[in-house]
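Next up: some structures, all given as structure tokens.
In the two complexes that follow, subunit A is the common piece, with subunit B as its partner first and subunit C second.
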Partner chain A sequence: MKKTLDRKTLDGKKLAAGLAAATCSLLGQPVMAQDTDDAWQFDSAVLYYSEQDRVTAVEPVVRGKKQFQDESELELKLTLDTLTGASHNGAITSDKPQTFTSPSGGSTYEVTNEVPLDDAFKDTRVAANMQYTRPFTRTLRWTGGLNFSNEYDFTSLGLNAGLLWDLNNKNTTLTFGLAHEADTIDPVGGAPVGLTFQTEEDKTDGTEDRSINDFLFGVTQVINRRWIMQFNYNLSVSDGYHTDPYKVVTVVDANGDPLEAESFGATDIGAGDAQIFELRPDSRTKNAIYWENRYHFNRDVLAVGYRFMSDDWGISSHTVDVKYRSQFDNGWYLQPHVRWYDQGEADFYRESITAAELTDLQNSESEVSADYRLGNLTDTTYGFKVGKEWDNNQQLSLRVESFTQSGDSDASELDALITQVGYTFYW
Partner chain B sequence: MKRLMSLVAVMAVLGALAGCQNLGVQPWERDLLAKPVMTPGAADGLDDALDDHIYFSKEATSGGRGFGGGGCGCN
Partner chain C sequence: MKQGAAKQGLDIALEQDGPLWRGRFTAMASPCECLVRGVSAREARQLAETVAEEAWRVEHKYSRYRDDNLIAAINAGDERWVSLDDETARLLDFADQCWQLSEGAFDITSGVLRRVWRFDGSDRVPEPEQVAALLPLVGWDKVERQAGQIRLQKGMELDLGGIGKEYAVDSAFQLAGKLTDADLLVNFGGDLVARAASNPWQVGMEGTARPMAGQLQFTSGALATSGDRRRYLLRDGIRYSHVLDPRSGWPVTDAPRAVTVFGQQCTQAGLLSTLALLQGREAEALLREAGVQYWIQWGDDAPVTG
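Our next item is the complex of A and B:
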């Protein structure tokens, strides 16, 4: 309302834009030029993610945002995600042959001297998000959202609600948020019984469930005219099925070579077939803190983010994310990006297990996983984004980044290329 | 002991908020802060959401910046 009044009485494009900027709330969306005030802002992007010898993903996204006269805001997002290629099945890399069953149980495949990959990896994911934010006093806003995501063997439904509270002349904003997510997992060929030999195909029909409850508390603080800071605390509690139904753990002898399933009384399907289905805990509690800083130099902007996460699986991780936006004439910018991530392994992570360890696990019904994503891991990403912004607020950008993973096992050695084209327009 | 810890934590948060009153700018000094590139969580358009999705499926950590949202069967 204030924006409209100012514009009417002063009738100056520049001044109105300046005042709109001045009244823009901290966590609100970017101030738009006058001619885009009543328009929908559309952000669109296509991500192309390609791992060497493994997964390739193509992900188009479109997001529409609109601010209404009453200062409420609606955001709608649609994501399509197509995956093809192969993913690590959990087994060790060995110079001895290993035999595996496909997830559907219909066929077997043998791997020697290579990271064992399940090449039946193919999926299409559709996700839709809706978020609505509305002020109900001068300093308080509420927000509510719905999320839906569906792929061949997985469906997720989520809702969230939050409160945003502006303090100190809008220099401080407190955020309180709650989210609930209900996941349904319907694995191809059924959900395997953990710690049983994959050759037995011991699987249960029907679906598995998982529910996740999140709490978020955030403080956004303006430090000075050039510097803004955000601090978040996130508690996430999930209950239910956390096991990856397509991952196995290799049972090895004293030399580290794969054993035979028949020596345990299980069905023989080939050489090195002593592979058991993994088993993870049925709950997980994560605590994360996130700290973001944005500093505006005369033209350039530096953004530094840090996250620490710790969970009751014994995993802790550090993430550092740095972007530097160099602003050039005529709306061009170049933004180098570096990301570094380091995690410690889960208590139940094993690259492989011995026959004695398998007996212990089965007797105590304990968990085990050889998924390298739960092991020690160091990731680095570096690359850049180049973009051009026109006077009518249209924006075109290209992002190219290199992503490298490295950990204790051969399976964790991974290189990927991230390419993204983005286009923003108003309509 | 736990109550004492909670009390200390609450005092620390209140103290920090009181400190925040001395920080910040006047409304007419928001020229730089009002730019989209200075909005935490929204400065990079769809990049953050796409990155969160990539790293969610490749690492054991997610969340922190906000809620996951939308879910994924990839981890």
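Our next item is the complex of A and C:
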């Protein structure tokens, strides 16, 4: 009497995913997560960082993320960094000539009236991260990860483990984390002996080591439907080699002019060659707190973050980071960004030292560094990101930021431009 | 009768119960309501008006019972191209995707079958020849579309009744949701969507035999029900459901009485419940695979839930 049809030919899972996507495009909404359940989310980006007259960095990053049926999540990240250009070698800027040896000790160069830069700076860094998070019980998740990073003179291996505990109807999440990192530093031409003259080429054979242990405690709290707050405390203890093998400190006379190595009984390689290798403590303990607030307006999002860090080298720093995301129709957004950073100098920071100070340092085997990154420093970053999200969750973005830094020395005066193109897709 | 419905439709009754405001009106032949918590009377009225106006707008624009709207123009097109606006194009795209995903089980051209099928509780099952004669007029694949235009073959009809109400719920909810941060629930005759900051909404489900088949608490999501305890035919002990399979022109004979699906949007939940119903005995298997929360009422017993 009637045609009989095969029933149950439909795949319910496919149907549900397809319907979710169709509904979202009907209602003009971004597609919800369920239709991307089976896909890998890829975030790719290329960062271009360019300091005026100094370092240029090109950094492509690819991150893949996938959520599995059992609600576990795997994240893989690969970063490639190419740095070229010149980096400050630690010496003062002087109107008198200064002579330096290259890191390998094979050649010398002379600088007058400019920030002394080491031209040999060239590096390629490869970093890989893997992180896996999995539910343990309904409210408890564990996470574990591995990190690997390698560049010409530096290798780092790290692992981490953590627990995430949801409380209070998932409105509160507590995070406990431990991480260990083992670094191997293999400086070009060997690691110099601190406080000795660069001309003496007194360098050790072999590699130096450093290990870092981190403890993290975090609270994420949903204040209301629009406001989420995060608080993190981080303790980091590192032991081993912290000295920068390529940085020197200028020994100056009463006028502030560079002295000659030969007046200290060291080899003469040119004018103004009284430069000693820096020396840093063999351990560092850092305490940091981080506080972030995220507020969702009807469409826009405001994020305000503050970080305070203090360490036993005498440095303390404040960072304020503000982002505002303006969401427009058709998936466009504009995100202005301002970041302000300020730090105080380390106890052993000197822009340069006198002969008497050098004798004191050598007698007491104390530390000294003229690296401007350990001095008083203020930097400001401002810029914006503009992006477009499509219904299928594809996203394209462009970030342009200007970075300005100032501090105690000429070397710390720096302007840089940061541009980044990012693309997110599902596969 | 049409005029009467329209006149009645323009009334919105606003009631207050503590922090809860309830705006009631009638649209799409169903009792409709807009519930909102913790706002002023002025805001509650504005929200109810927004929701009601959207319901009436969608009804007016897509009702197949009117002769002054776009659907009527398309159905009267008789092989001529008819221009579409963006919203209608999106709805037809959606219908197209549903037709593909359901392998033809959901088809907005199947309305013509109602010329021979009248689900009035009687035993008047049409003759197979009558059904067969209409089948050439059914089939979304026979409809031609090009950018912004549609053309039907002579005698064919579009009927957006299968998605119109759920679409109106989602659309009205979106519009109202932009006006307020307050807890909100939009309910058009049992198809509903809601959100709440923390205090969940409690929704009761009508049963086929008992007044209450189940109760559900949720802070965000949508419910849609397919099936109707009043619309069926009964002959020789066979209960013919009012849901027709457009591929055969015949109802599904062993379908559940009602299928309710909980989803993110009302449109999505509505389609899933309709397609589950069309699967007959296999309704539950489909919903289980789809990974949604559901309630199936097979007879007069308590629903099967999952």
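We adopt the following convention: the second predicted complex is superposed on the first by the 395 of 427 C-alpha atoms of A that agree within 3 Å, B and C clash if a C-alpha of one lies under 4 Å from a C-alpha of the other, contacts with A are read in each partner's own complex, and residues count from 1 in each chain.
Just so it is clear, a residue touches a chain if its C-beta (ideal position, glycine included) is under 8 Å from a C-beta of that chain, and two chains touch if they have at least 3 such contacts.
Bear in mind that the values here come from a model prediction, so they are computed numbers and not experimental data.
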Practice task
In the overlay, answer first, second, both or neither for which of subunit B and subunit C A:236 touches.
Solution key: first
Practice task
Name the contact category of A:343: first (subunit B only), second (subunit C only), both, or neither.
Solution key: first
Problem - Residue contacts with subunit A in the superposition, subunit B compared against subunit C - result: B
Practice task
Report for A:379: first if it touches subunit B alone, second if subunit C alone, otherwise both or neither.
Solution key: first
Problem - Touched partner set for A:225, first subunit B, second subunit C, both or neither - result: both
Problem - Contact residues common to both interfaces of subunit A (with subunit B and with subunit C) - result: 18, 21-24, 27, 224-226
Practice task
Can you check the complex and tell me which residues of subunit A touch subunit C?
Solution key: 1-5, 7-16, 18-28, 32, 34, 224-226, 298
Problem - Touching residues on subunit C, where the partner in the complex is subunit A - result: 90-91, 93-94, 97-98, 100-103, 105, 128, 131, 167, 170-171, 174, 178, 181, 197-198, 245, 247-250, 264-265, 267-268, 271-272, 275, 279-282, 285-292
Problem - Of all residues in subunit A, those that touch subunit B in their complex - result: 18, 21-24, 27, 29-31, 43-45, 47, 49, 59, 61, 63, 77, 79, 81, 123, 125, 127-129, 145, 147-149, 151, 153-154, 156-158, 160, 167-172, 177, 179, 181, 183, 185, 212, 214, 216, 219-226, 228-230, 232, 234, 236, 244, 286, 288-290, 292, 294, 296, 301, 303, 305, 307, 309, 311, 313, 315, 317, 319, 323, 325, 339, 341, 343, 346, 373-374, 377, 379, 385, 397, 399, 403, 405, 414, 418, 420, 422, 424
Handout entry: Of subunit B, residues touching subunit A in the complex
Key = 16-17, 20-21, 23-47, 49-51, 53-55, 58-61, 63-73, 75
